[in-house]
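All chains are identified by letter, namely A, B, C and D, in their written order; residue positions are counted from 1 within each chain.
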Amino acid sequence: MLELRDVHVVFDGFRALDGVDLTVPEGELRFLIGPNGAGKTTLIDVITGLTRPTAGSVRFGGHDLVGRKEHRIVRLGVGRTFQTSVVFEELTVVENLDLAASFRRPLWSLARRRRGVSEAVAEALARTGLEELAERSAGVLSHGQRQWLEIGMLLAQRPRLLLLDEPVAGMSGDERERTGELLTQIAADHTVIVVEHDMEFLRRHASTVTVLHEGKVLVEGSVEQVSADPRVQEVYLGRRSTDAVGNRP
Amino acid sequence: MIRRHLPFATVAVIALVAAPLLLEPFRLGLLAKYLCYAIVALGIGLAWGQGGMLTLGQGVFFGLGGYSMAMYLKLAEGGGLPDFMVWSGVEELPALWVPFANPVFALGMAVLGPVALALVLGTLVFRQRVRGAYFAILTQALAAAMVILLVGQQGLTGGTNGMTNFFELFGQDLAEDSTQRGLYLVVAGVLGVLYLATRQLVQSRYGRLLVAVRDGEDRVRFLGYDPALVKTVTFAASAGMAGLAGALFVPVVGIISPALLGVVPSLELVVAVAVGGRHALAGAVLGAVVMGYAKTALSEQFAGGWLYLQGALFILVMTLAPKGVVGLAGRLRRARTT
Amino acid sequence: MRISRPILSGLLALALTACGSGAAPAADSDEIKVGLLHSLSGTMAISEVTVRDAELLAIEEINKAGGVLGKKLVPVVEDGASDWPTFAEKATKLIRQDKVATVFGGWTSASRKAMLPVFERYKALLWYPVQYEGLESSPYIFYTGATTNQQIIPGLDYLKEQGKKSLFLVGSDYVFPRTANKIIKAYAASNGMTILGEEYTPLGHTEYSTLVNKVMGAKPDAVFNTLNGDSNVAFFKQFKSAGGTAESMPVLSVSIAEEEVTGIGVDNVAGHPVAWNYYQTTDTPANTAFVKAYKAKYGAAKVTSDPMEAGYNAVYLWAEAVKKAGTTEVEAVRKAAPGIALERPEGLVTIDGDNQHMYKTARIGIIQPDGLIKQVWDSDRPIKPDPYLKGYPWAAGLAGQ
Amino acid sequence: MPAFLNQLPIGLSIGAVLLLIALGLTFTFGQMGVINMAHGEFIMAGAYTAFLLGDLLAALPVAFLVAGVMGLVLERAAIRHFYRRPLDTLLLTWGVSLVLQQLARDLFGAPNVQVPAPSWLAGGVGILPYNRLFIMGLAVAGVVAVWVYLTRTKLGRRTQAVVQNRQLAATSGIDTGRVDMLTFFIGSGLAGVAGVALTLIGPVGPALGTYYIVDAFLVVVAGGLGQLRGAVLAAIALGLLNSYAEFWSDASLAKVIVFAVVIAFLQVRPQGLFVLRSRVLT
């Protein structure tokens, strides 16, 4: 479904991605990990059109994504969230979701006032558990609630591929728990790529993991295979021993 | 439903019934002029307040509308060439002018001309993601360039003088008080209709989208919308309003000149919108009327003081009440209820 | 909209009542109100404030001498704010709300053109005190400044007498320079002069190096300058530093009076000729009195200039016409005005019955190192005003005839 | 020398004027993103300083201080509350510029004043008068000084650090408030220096600032945000364009052409000549 071939990105001489190959089949839940600066976010940026690769190809469902504008990629069915969640604070939760759900409507039809809540919005509200807060303005939400709203907006878009950039960063334990459940639910009927640092979260929810290091794919496989790999241990031990994959209790 | 429309209805009654009855013709004419500015302000409120596009060149669109109307009025007089062409040494009516003898074409151009220019400019600028300050500066430069262009083409546009000395509109003598009262009603009516339409737009999904584009243009892209398109369309709508306002302004005030569409008048209207309250459409309208009135009243009292006052008001509004009078009113109301 | 009804309607009602206020009280029977409408703010204020001052001086003098028809003149001063539509608006206010007997006002052609329909519509009188481009003769305007045959053409006569065969035309981009230059070109064509170039710059333009390069490259005998306002400062500074001198290439200006000389810098402009009808140094008894009175009222450092004198005259000429008519009623005043002749600071001034312009003496002066202007040439006698240049065969092709 | 060849040095000298008026903006607008519409009035303040002192060379440092302090006051009193609202700063500073213009009118009178040019600047080389050469020299000196400041001094490097990442700079111990003050002081001071130079070629009056402000911003927009070399190249390019456009058409059309070219240029390079790359999502 998603296929990256030999993707290179260079920022002012710095090789952010250096020949990445990545294939994600339909229906998979893929985790993307790696130390800081490994190129995880850049990879997401390349897929969603925010960063144009210096070389290489990105194909999604038979379409070439390189050079397409961001909103056109979304229209092909690729949605994403951001590390620091960006929701529209002046709009209510339901308005945020409704906006996300309405992009396939022609522009002129938007000039009509919204009446009620569409099916996609209702579903997103239910899944993210934000029903109670539906009419509150997004500006008053807590950090965790914002992340859920962002995931909800992603769901309301009804994309074929979801890209989540560190969905549990900065969340409390409880919130992580709920996000994890949400993720499992979503993964049941979507193709998902998750960028995540949190190892505990990874161990609990990941099936397939791709490890990036210095702009290259280091290893790819199941959680067990990856954490057993000596190269991964070395990369992680050299940097952040507390988080290291090899440091199993 | 009734409660929702009550404020608007009250204002509409005052504007459409009370004002023409109570005001003497000269003052009614002034009010009509402020209402023309209010139409432009409404467009600025939409583009800037809702859409975050700080346009400092709204005078250009106002001017295009005004010039279209003025060209028609000049030709409608009959009697050959317009006066300024005679003293500019133009001997034959320029081809550009010929279709403006038709009132439908002239009125159409007054609105569609600005819309077309805004579409072109918006497409060029927004597609390249030029925004914020850059956009503000470019629109400002557009206003400056437009003035120079109009002034330079004296035979075609009347140069610095602009065009004046109009006698009749659709067969009505413009000097008559009754014509002026009628014009006032037309202006007030147009403003009312546009206000309702804009309010409808702001409360629709499109309005929500516009606010989203204002607050997070890049994020909107990842919701599958093209912000450039949204902005261009909104910018064009505000340009159309300014054009219509210009077309109404000319018979009301009796003159159009490059001085009306330069950087300073464009900025003054933005100030008015800021003072009234940029996030509320009513604030934009209110700001334009109040500032227009303040300028007339204060310059009658003390000339140089107006500049101080305008400058000071501006600094105060920006630092103390960035949401303008409407924002202040809202804050007061909340303070009272809590 | 989340704005409460009382606040919104309250504010609007406020605006409305405010609009309605300020109606004039009934005119006092021993007073005559006259309007003074000049730019007191904005770019034109520099020039127009001095004209207003001269007009106020005239009103004060007339009142001291017993007023007009036994009534005191009361000036109502309005600000045109250097903005033409404002002139039209304020003119309407003076006529309709203040009900003034007459208005003295304007400076730029654009402000006059904006006011003209107002005065014609309400059949009120405007006295316009500045030299202008001609081709106009409104029944409701009296023109107390020079028209083209009293300034531009004498200027050209002077250059011709000086043996200047080729000219370069430099002007600001508006009506007066463009019309003046058309006249100059027609004059040149029939007087054996050549025009080597014609350039216009936007009002307020300050970068003149390219234009000066063009002028220097063309090597004309003289430059005819119709630049306005601040542009003159930039032009003369850059002309001088590029090596232009009054000896090698005199620049004849028609918009630089005593007032502007200080701002340009005497060093930059001394020696160059100007064309007007009046200078502070003009030697008449009336002028000695005028200069003395003006300095006494506004300060010894102040200078007097042609438009100021024309504004000062306007008040006297109107007062004379009112005395002759025995009323301030507009049609009666218009009928009484033709033929009125007064000895003014510039010499004898007579109101022409055909076009309501004045007979005026043309004078060419040279700017002196002390900032004043010394007359070097005059037309001997007052010239009959001819705004459409009907008396000049070579001007037959010009528009507006 | 044929007239059109003369336009080459003339274009460079116009470029030098543009550079001088825009140099301060590369600090306040370029480094800090503040659109200071009162920049023109700081230029005016410099010109009036020259008028009061009556001596060009002495006026240069004094004008730098005067305009710099005005900028400092403006930054501390108002602008610092607006760093997250750049468009509001534009309107705020426009209000300030109106007040300053009227203030100048009341202090110095509405008519222009005269600043005598020093006698050693009389004359010239070829088409270029000495006063033009002086302005070009001043522009070069200004650029060199700014470059040295930004790249060779500790303070300058801190300024750059704040521009590139305000939060990171703050957490690594840089007092961003003080850096902002200093940046604004220098940017405004440079406007004052430009004002002194402009007395050589143009009018000195309350409207002085309004004649230059739009051109100055066009240079910075075309040059790219925060880029010294962009501003230099843009000023020279626009100067030459202006010179030749006016030579082959007229002054009015030249201004319109310059505007059209800047718009067209932004189609190719939307962020100006040079851009700082940034991964921050705005």
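Keep in mind that, in the parts below, contacts are C-beta pairs under 8 Å (C-beta built on N, C-alpha and C of every residue); 3 or more make two chains touch, one makes a residue touch a chain.
Values in this document were obtained by computation on a predicted structure and should not be read as measured data.
Participant: Taking contacts as defined above, which has more of them, C-D or A-B?
Facilitator: C-D
Participant: Among the chains, which is located farthest from subunit B on the basis of C-alpha centroids?
Facilitator: Comparing chain centres, A lies farthest from subunit B.
Participant: Can you tell me which chain is nearest the middle of the complex, judged by mean CA position?
Facilitator: Chain nearest the overall C-alpha centroid, as shown: B.
Participant: Rounded to a whole Å, what is the gap between the Cα centroids of subunit A and subunit C?
Facilitator: Computed value for the inter-centroid distance: 73 Å.
Participant: Report the inter-centroid distance (CA atoms only) between subunit C and subunit D in whole Å.
Facilitator: Their C-alpha centroids are separated by 37 Å.
Participant: Roughly how many whole angstrom separate the Cα centroids of subunit A and subunit B?
Facilitator: Roughly 45 Å separates the two chain centres.
Participant: Using mean CA coordinates as chain centres, what's the subunit B-subunit D distance in Å?
Facilitator: Spacing between the chain centres: roughly 32 Å.
Participant: List, in ascending order, every residue of subunit A touching at least 2 other chains.
Facilitator: Residues 82, 86 of subunit A touch two or more partner chains.
Participant: Where in subunit C do residues touch two or more other chains at once?
Facilitator: Correct list: 45, 173, 200, 202.
Participant: Using the touch rule from the top of the page, what residues of subunit B touch 2 or more other chains?
Facilitator: Within subunit B, the residues that touch at least two other chains are 148, 151-152, 218-219, 304, 307.
Participant: Over in the complex, which subunit A residues touch subunit B? Could you list them?
Facilitator: On the subunit A side, the touching residues are 48, 69-71, 74-75, 79-80, 82, 86, 88-91, 95, 98-100, 102-105, 107, 110-114, 153, 157.
Participant: For subunit D, which residues are in contact with subunit C within the complex?
Facilitator: 3, 6-7, 10, 13-14, 17, 105, 110-117, 121-122, 124, 127, 129-132, 200-205, 207, 210-212, 242-243, 246-247, 250-252, 254-255
Participant: Please output the residues of subunit B touching subunit D within their complex, sorted ascending.
Facilitator: Residues of subunit B touching subunit D: 52, 54, 124-125, 128-130, 132-134, 136-138, 140-142, 144-145, 148-149, 151-152, 217-219, 263, 267, 270-271, 274, 304, 307-308, 310-315, 318-319, 322.
Participant: In the complex formed with subunit B, which residues of subunit D make contact?
Facilitator: 29, 33, 35, 78, 81-82, 85-88, 90-92, 94-99, 101-102, 105-106, 214, 217-218, 221, 250, 252-253, 255-256, 259-260, 262-263, 266-267, 270, 281-282
Participant: Taking the touch rule as given, give the residues of subunit C at its contact with subunit B in the complex, in rising order.
Facilitator: Counting only subunit C, the residues touching subunit B are 1-5, 7-9, 11-13, 15-16, 18-20, 22-23, 40-41, 45, 78-79, 81, 83-86, 88-89, 92-93, 96-97, 108-110, 113-114, 116-118, 121, 133, 135-136, 173-175, 178-179, 182, 200, 202-203, 398-400.
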